[in-house]
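Right, I'll just put the structure down here and ask away after.
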Amino acid sequence: MAPAPPRRAADRLVLGCDLAATALFALEGATAGVHAHLDVFGVLVVAFATALGGGIVRDVILGATPPASFAYARYPLTAFVAGFLVFLFAGPVRDIPTDVIVTLDAAGLALFAVSGARKALDYELNWLSAILMGVLTGVGGGVIRDLLLNRVPGVLVIDVYASAALVGAAAMVLASRRGMGAAQAMVVGGVLCFALRMVAYLAHWNLPTGGF
Amino acid sequence: MAPAPPRRAADRLVLGCDLAATALFALEGATAGVHAHLDVFGVLVVAFATALGGGIVRDVILGATPPASFAYARYPLTAFVAGFLVFLFAGPVRDIPTDVIVTLDAAGLALFAVSGARKALDYELNWLSAILMGVLTGVGGGVIRDLLLNRVPGVLVIDVYASAALVGAAAMVLASRRGMGAAQAMVVGGVLCFALRMVAYLAHWNLPTGGF
Amino acid sequence: MAPAPPRRAADRLVLGCDLAATALFALEGATAGVHAHLDVFGVLVVAFATALGGGIVRDVILGATPPASFAYARYPLTAFVAGFLVFLFAGPVRDIPTDVIVTLDAAGLALFAVSGARKALDYELNWLSAILMGVLTGVGGGVIRDLLLNRVPGVLVIDVYASAALVGAAAMVLASRRGMGAAQAMVVGGVLCFALRMVAYLAHWNLPTGGF
């Protein structure tokens, strides 16, 4: 009974992470949808898929069905409201500086990566798969968005993004295995992911590509 | 014991809906496959994916595994037979008037949307997710078909289609929650979806797009 | 107790098949990724998806969650190591003769097709769906690879490939239903798939396409 409070704190942190990042990612997905001249329905679909697609695939893989995104109406509602606001105010949204969007996105990525890896650990997946689930939760929605918009997923060709999710999720998993509390390990992993992504953005880091 | 008969009637209606719409959607998917110069195997794959893809994803999300499309051989058999007929008789199929195809497709959409939402309610999903499952069942196969054929899913850019599924599924869910019997609620939702889709087609309705 | 050894032999055969084919398919996926100028992360993702995507979708459909590819770290590790080797040695990999690659690929296809169908039978799916699961396991990873690289899945437009998986899986399922032992039935189906694929490659067989 004693260890229950820390566990609940971690649960609340996971929930807060999920909802905040859901709104952020939905906003970005909807913006891509408006750019691609989708109708209002299409914009909402892309907002939904970008925000919740990664977590849905994660939950289906974990066998956690129905996924949290469907089990609780708050997730799709959050995504749809954020998507609809972008649809209504496309002009002002376009005027948001890129730096602000990249910063918020890095925060969302960090939140998704560590909460996704955390859930995989709760389902007793091995360390490697838990890290993969973190990466999937972080970048899966963006991949689905790009597939829907018929382009090569940006995460496969552009700079340090998925790798930041990988490092953050790995740090969280490692810290958890070495006995750190769930909430603290998530903070460590999340901060590391966010910092790495921002440094890479500001310093124009890129991963090497292979040559033929 | 007393309420069993209405429940069984709804079950039979769901089964009939599924098989009829499966054949219709497989026919359309196969036609798109022949147009894209796929070989006979590719045509059957696209017929299968168009007809059953939405329901498979729905069942995986609901945790209803293996999905009905695999648990019962009648579903893939129906899709493959319809697809193979299109492959053999591509010429006559091309000559079917567009109005006929759109009308049959609207019927299939209505059937899938209400049966998908019904199944989600049977699995005790919340109202919003049940509506989303109806839309997914109705348009998911077409989205997968378009992804396989490497184009932006038509449902994201063209006129009132997914919205009709949305309205029909929502009407069904609302009617069920207000106490209407399952079979009747499905008829109400299905008729509404079909009517809305046909009016939109005949009157060239479109959804607004956002502007940058 | 007596029948346990043959069962275990089949299990070991399934495991060996999976790991060998995983490495082969990851190598091919990574090669496609390097050709598409992906960064090292993208190459690993495509290697992973090509090698394990079909099996993951199969397991999700069967309700065997978490899929074997995540339940056991040896699968992703195998895929990542093979993918990373291709990334490091892209030049030498390019110089491997096409005939060698096609031959190894045919072996991998045969292994995946029969082990996928076998697993579906173990989950008591009907004969048709077991065959479909074999085809899905064999070609699913390649389809996901092509979707990620934004092209029409090759398996839908090119020569006898998926059909070979179909014939091999069907032979395995048929032999099993007629009482043949699991391991023997897998050998029969696998050899048939491999032989058909190689003959089709060497003799330039193609499937007919429909005409409009």
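Per-chain residue numbering starts at 1, and chain names A, B and C are given in the order in which the chains are listed.
We take it that a residue touches a chain if its C-beta (ideal position, glycine included) is under 8 Å from a C-beta of that chain, and two chains touch if they have at least 3 such contacts.
This is a predicted model, so every value here is computed, not measured.
If each chain is drawn as a node and touching chains are joined, the picture has every node linked to every other. In this entry, chain A maps onto chain C through a rotation of 120 degrees when their C-alpha atoms are superposed, rounded to the nearest 5. With centres set at the average Cα position, the gap from chain B to chain C is 30 Å.
For chain C, the set of residues that touch two or more other chains comprises 60, 63, 147, 150. Partner chain C is touched in their complex by these residues of chain A: 60-63, 123, 125-129, 132-133, 143, 147, 150-153, 155-159, 162-163, 166, 206-212.
Of all residues in chain C, only 33-43, 45-46, 56, 60, 63, 65-67, 70-73, 76-77, 86-88, 90-91, 94, 147-150 touch chain A in the complex they form.
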